[in-house]
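Going in written order, the chains are labelled A, B and C, and every chain counts its residues from 1.
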């Protein structure tokens, strides 16, 4: 119909020729590679189901009430529980939360308020980098910082190590939640003459609270499963029992602070620490118990994770309308 | 400016009844409370950054004697190294080697799988499946390291690693050059560098997948449309357009995964066999930097032993610090580039 | 050229000033597009004539883009989208599922609202399509790249910097690069989705000029919300409007001249005279 140059016809012919032979191959490659990605997804999830299933199967057999309420029996005896480790986990995690939350939340306020200042960029950068520092290195740091000057292992040192570990998670989730607060809302408050800090607390706090809670939950989930930073800070203590400490303290008329000090200022155990020790012992009953510890630990961690995710999703939906 | 502000002050004072004066004064103080507030959050922000420096400085100080005693020889590769707490003679090369070998093997195995999962999640899977998949991958990351280790010792090593290791010994172990890495035999328990590498693969897949998925999702859909409209198949679009577009971000994801693999402690310590033998083979037991610290630190007796372990921690810190910085910069670059291009 | 199909003569529309008979390159027959249960387009009927520019106009949200994207089956990308009726390309129904999407998209190229060059260099951007179809020889590719860039009126500006990133160009240049990229696979029809809406007036003008130049060899279908543009560049115009079910309908189709000077439909008149939309 129209004048076309010789070259264009040549290429159309070329393309047409090639297409007949190439198209089937391209389609096959497409189909094969796309199904491969699906296959990879299945492959990646196999370990998850395998681990969760096996831990439930093995751990479920060991789980009973004693497990939660008794201290360990001497080696070679059946029964007994891991009460000491449960208490220790709670103590360490609480300490970590107390140390990590205030600075974490305030730093998140800064990151959300001044994201583009040099300090803001540097803060987010170092938060990201901090989250990549191996937990065992943080353990060494806490050892040098607390254990060595104090001269003994303690739950306090473990709590501080855990706090450093929790910090990035808390900062990041809180910051994300703060950013979700509509800009108009904060400007509205500022325009009404409310000072910056008041705006931060009254307008942003509800949002921040959500961030703190999710960040807190996720951080706890991570901390509760961590072992490496505790190896040479909290060390472990099979005789640890808060009930006994409190009873003795009350009997000796110790003050609240003295009792508190005895709770945090001595080596304590934690669930993952117990699991790590039990799994490597040559006593079958201890190994069996380690599966139960794994089950408790996993349920705890997964449950908190799911809770936090649900919470975040619900919040996001509400804030974004 | 000054006059105007003064004017505002004056109208305010006029409008407030005299008995409320104390209140207005308080209000004026709290209004200027902005500076303390900002000071607090700035201090906290600085604190977080100082923390990084403090970690480095502390480990540097606490390893001073070891650094002085062993110098660079502590870190350099050599064939006959010694780790001898009795005679206070320490060289860290076997641990560095074990760390690098297991982490790199894990990365090589994890890249194709993670890319596959990320592509499936961002490009292929139906909407209703995306959320559950996200969750499952996150749960994979949430399982505590010790639980991986426990499962590794009693299930994964005997059922998977031992047979796979045996097969590798039979096949690759006979190939010249490669056989250095595959001399065996693998111990019947399966405790080996190969086992550690496999466990690490499983553990870093969520990291690489999540970042890669975010990178892919951040690519404007106009790029996909451009390729598809030219007649590219979906795979060609992904492979020739999307992956190159997000390349630096994906590279960042991989480096992030490598950082995780280098520092992972508990699971590796439980499956790697913890032995200082001379063999460089993947199929033999070994040690990593993290696992030797985990195993020996609490029981270290001499000062130099403790310090040598801290120095290993210092090296590990620098390695992961470097990798994480590079990775974050790469990921940030993609994130920052995207809006500009979308604006066009 | 393969645009030789003259078997379907237009009955309802005259061929304009030159007496040559018009060939309908594409025919849309009773086509509806659904997104899930929502009917986005209802009973579209129109012809796209070879070597002519056809414009689709209408207020925003009336389904212009949806219509355009049905021509090269880009709607397939939306999982819930479904097409009823048919679109014929040279007499073959391209909406049929057995029809090869890849082939359809090679024969029907597309230029998007916003320039979307790949983050590769200029040469690679243009060579991407031909490479897909198996053209590997450097000589061939060089020729194609040069020809396409010339057709897109970009060659003179970039011939010395073919290895610079496509993203280093200005917005208007990027859009012409995208046009060159679409031309490189020698499509028969080119779909343009508001190709100038993101550009400044001068760049817009250049795009319109190049449309005039290339329509000798191609068939062009353009969506625009800019009435002046439709009046300036197109030979035929389709007017679309949303009906009471919020579904897009074509209320008038004809030669551009008659649509703008003597619209049959009151709503078209209101729209083109600026009283609506």
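The rule is simple: contacts are C-beta pairs under 8 Å (C-beta built on N, C-alpha and C of every residue); 3 or more make two chains touch, one makes a residue touch a chain.
Fair warning: this is a prediction, and the values are worked out from it, not measured in the lab.
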Far-end chain from chain C, centres as C-alpha averages: A
Chain closest to the assembly centre - both centres taken as Cα means: B
Between A-B and A-C, the pair with more C-beta contacts: A-B
Centre distance in Å when chain B and chain C are each reduced to the mean of their C-alpha atoms: 48
Distance between chain centroids, defined by C-alpha means - chain A, chain C (Å): 52
Intercentroid distance (Cα basis), chain B paired with chain A, Å: 14
Sequence positions of chain B contacting 2 or more other chains: 233, 236
Multi-chain contact sites of chain C, meaning residues that touch two or more partners: 102-103, 106, 132-133, 185
Per-residue overlap in chain A, given as positions that touch at least 2 other chains: 26-27
Interfacial residue positions of chain A with respect to chain C in the complex: 1-5, 7-9, 11-12, 14-15, 18-19, 21-23, 26-27
Chain B-facing residues of chain A, complex: 26-27, 29-30, 33-34, 36-41, 43-45, 47-48, 50-52, 54-55, 102-103, 106-107, 109-111, 113, 119-120, 122-123, 125-130, 132-138, 140-141, 143-145, 148, 164, 167, 171, 195-198, 200, 221-222, 224-228, 231-232, 235, 272, 275-276, 279-280, 287, 290-291, 294, 297-298, 301-302, 305-306, 309
Contact footprint of chain B on chain C as seen in their complex: 72, 74, 77, 79, 102-103, 105-106, 109-110, 112, 114-120, 128-129, 132-133, 167, 171, 174, 178, 181-182, 185, 198
Touching residues (chain side chain B, partner chain C) in the complex: 126-127, 220, 222-233, 236, 240-241, 244-245, 341-342, 344
Residue ranges of chain B in contact with chain A within the complex: 30-34, 36-38, 40-42, 44-49, 51-52, 54-55, 58-59, 61-62, 112-117, 119-121, 124-125, 133, 135-140, 142-151, 153-156, 202, 205, 209, 233-236, 239, 256, 259-260, 262-266, 270, 290, 293-294, 297-298, 309-310, 313, 316-317, 320-321, 323-325, 327-328
